[in-house]
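Scrolling down, you'll hit the structures one after another.
Two complexes come next, and they have one chain in common, chain A, joined by chain B in the first and chain C in the second.
Now for the complex of A and B:
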């Protein structure tokens, strides 16, 4: 109990520096803005990684009268969020050099505001805090997608995503209002105490909250916005959406559902399993004939979301562990894939289509090889990071006796191998000339680092699984 | 608990009314209306003035920025009133918080002024 302000120091640090960024932006000439703000954001994010590492407690602690609760699960996901944002900043630096905008400063500090929202969202322990942080993150992302000059695709995306996202937020808030009505409190533990059986109001609130979260995650009945938004948004923003928003939404889902709806775990587990399997299949099947790589990766994101959701049907502790591990792998893979696309994108969105990658191997062997690593990791081929993520989820499902779900996930992954192999085929076996714009060193460095991590964590998955186990035990300790 | 169930029932009734009333009108309209439509009826001005040019051009919308800035200060007062009512109970922490809040809003206002949102041309 009590305020315990120092627990939230990393979040306050990010927020304060974003506000300082607004003021600095007003007094800088345009030509130094990109360099200055990229350095500024990298510095802030780098410092906050250390702040998060040193301030996350193993024994869960609460702040603001238990509106916020921090444990290692929060700490770990915040590190992951900050790492993905760091890569997003590196990629943005190159992207902003290639594409003109009047809002360079705005781009970087809105990114910092979105990071703040995501960080607060994973540490929220109360319905209103969760909603506000969710909106801070979402609204920042809507703004980010509309900032580029003469980019009507991006502006269309911002409007579409805004409308769809508002519907999702409204649905979530209806669910929260019902939960508050049932329990008379908005703190997770107290709400959880009031919910024991599946009465009609509980069912309604559960359905509304689940639909809202599925909206944000882009799982099947509510996946309509995903391809358009991923395709049309500027690539660094898509990277941010794909990695950070997904991590934040999934971790917030774990932190909301296990304390609040624990007595009904088998009911909503089944729901998530059905939705997960359908999403995994739908995403994989719809990605088969996409020509634009960003659109293809959007469908693959639906498929990956389905796999993660299906994992929630297994035993709670194992489910949290495997979901966390998968999120780690997914964040690294998404960041690498979209960083790679941004690296190849030149004027007029050339380099986003698969056909632009013809014979990439002869132009740049190193880039072609990192393409193989990224896409094979997304497909889940053994020595890479993506394999272990799928492996743990399948083990969790089989151990829980859900062999049918596991087999369905396996079949969907086998289908998805087809479209993950297509870019590789184009890069190595097709005749033609790849369009390769001048390589920006920072984007290149970001891609190299993430590809390196994909290989290293693929060879030594116990590095991540140990960390995930620590996070899991810390989270479970907070539930007792 | 009982109060909330009543509220919940009210919510259900309101939802039913909200879904029913507009749609009933739409459905009955479809069957009862007298359909004598001609191209002139779909013109922007039904009174007979022909439109001058196609409505695809851009037009100047400045008032929305002023409205946004107005919203900034409107919200500020919305939050300041409850603070003023509970001023004594909140004590020193309340004053610090309110100054932080106004400070953050002021940053937004400074941004608006420097970007020329209040310049009228």
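Now for the complex of A and C:
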């Protein structure tokens, strides 16, 4: 109990630097803004990584009268969020050189605000905190997608994402209001004490909260916005949405559902399994015929979301572990894939289509090889990182006796192999000329680093599984 | 007032809002419906707050109001930006990206 403000130091640090960013933005001439703000954001995010690492407690601690609770699960996901944002900043630096905007300073500090929202979202332990942080993150992302000059696509998707996101948020709030009515409190533990059986109000609030989260995660049946938004948003923003927003939403879901709806775990587990399997299939089938790589990756994101949701049907501890591991792999793969696309994107959005990647191997063998690593990791081919993520989820499902779900996910992955192989085929076997704009060193560096990690973690998955186990045990300690 | 009355009132508001979001094609009307959705939750929160005799719900309402205002500001800015391209605020005109 008590305020315990120092627990939230990393979040305050990011927030304060974002506000300082607003002030600095007023005094700088436009030509130095990109360089300055990129350096500034990289510095802030880098420092925050260390702050998070050193301030994450193994024994869960609460702040603001237990409105915020931090454990290693929070710390780990915050590190992942900060790492993805770091890569997003590197990619943005190159992207902002290629595409013009009047709002360079705004772009970077809005990104920092979004990072703040995501960091607070994974540490929330109370319904209003969760809602506000969710909205801080979402509203920042709406702004980010609409900031580029002469970019109609970005503004259209900002509106689409805005409408769908707001409906999702409103649905979540209505569910929260019902939970408050049932329990008379908004702190997770106290809400959880009031929920034991599946009465009608509990069912209604559960349905509303699940629907709201599915809106945010982009799973079937609320996946309609995902392809448009991933396709139309500027590529660094898509990277941010794909990695950071997904991580934050999934971890917030774990932290909300296990304490609050624990007695009903088998019921909502089944619901997530059904939604997950349908999403995995829908994403995989709809991605088959896409020509635009960003749109294809959006459908693949729906498919991956489905796989993670399906994992929630297995035994709680194993489910949390495998979801965490998958999120790790998914963040690295998404960051690498969208960084790669941003690297190849030139004037007028050339380089986003698969046909623009014809014969990439002859233009740049190294890029073509990293393309193979990224897409094979997404497909889940051993010995890359993506394989272990899928492997752990399948093991978790089989151990829980849900062999049917495991087989369904395996079939969906087999289907998805087809569309992950297409870019590789185009890059190596098709005749033609790849469109390759001048390579930006920072984007290139970001892609190289993430590809390196995909290989290293693929060869030594125990590094990540050990860390995930620590996070899991810390989280479970907070539940008792 | 019983909890059921609050629930009926807010449920009606929520339904109206959801209906508006699905049916309306004008973006400004869509925003009205979104506000209605958020405010239906507010009605429920205030009602339950009175019932439980604590202030969690009413404080939550302030947060929801603040967020709704921020959302409306950003949403209207996006609509103004889009209006410059298409001279329209009809959702059917914003359909460059599909399938």
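To be clear about the criterion, the second predicted complex is superposed on the first by the 480 of 480 C-alpha atoms of A that agree within 3 Å, B and C clash if a C-alpha of one lies under 4 Å from a C-alpha of the other, contacts with A are read in each partner's own complex, and residues count from 1 in each chain.
Assume a residue touches a chain if its C-beta (ideal position, glycine included) is under 8 Å from a C-beta of that chain, and two chains touch if they have at least 3 such contacts.
This is a predicted model, so every value here is computed, not measured.
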Margin query: What does the overlay on chain A give for chain B and chain C, a clash or a fit?
Written below: clash
Next item on the list: Could you tell me if A:270 is touching chain B, chain C, both of them or neither one (first, second, both, neither)?
Entry: neither
Item checked: Touched partner set for A:186, first chain B, second chain C, both or neither -> second
Item checked: First, second, both or neither for A:178, with chain B first and chain C second -> both
Note to self: By the touch definition at the top of the document, which applies to A:159: first (chain B), second (chain C), both, or neither?
What the structure shows: second
Next item on the list: Scan A:143 for contacts with chain B and chain C and give back first, second, both or neither.
Entry: second
Margin query: Once the two complexes are aligned on chain A, which partner has more residues of chain A within touching range, chain B or chain C?
Written below: C
Note to self: With both complexes overlaid on chain A, does A:22 touch chain B (first), chain C (second), both or neither?
What the structure shows: first
Next item on the list: For A:135, decide between first (touching chain B), second (touching chain C), both and neither.
Entry: second
Next item on the list: Check each of 2-10, 38-46 or 74-82 in chain C against chain B and return the one that clashes.
Entry: 2-10
Check: What part of chain A is shared between its chain B contacts and its chain C contacts?
Finding: 178, 181, 184
Checklist line | Complex contacts: residues of chain A adjacent to chain C | finding: 127-128, 131-132, 135, 139, 142-143, 146, 152-153, 155-160, 162-163, 166-167, 169-171, 173-174, 176-178, 180-181, 184-186, 227-228, 231-232
Check: Once bound in the complex, which stretches of chain B touch chain A?
Finding: 1, 4-5, 7-8, 104, 107-108, 110-111, 114
Checklist line | Residue ranges of chain A touching chain B (in the complex, touch as defined) | finding: 19, 22-23, 26, 178, 181-182, 184, 201
Item checked: chain A-facing residues of chain C, complex -> 3, 6-7, 10, 14, 17-18, 21, 27, 30, 34, 37-38, 40-42, 44-45, 47-49, 51-52, 54, 56-57, 59-60, 63-64, 67, 70-71, 74-75, 77-79, 81-82, 85, 94, 96-99
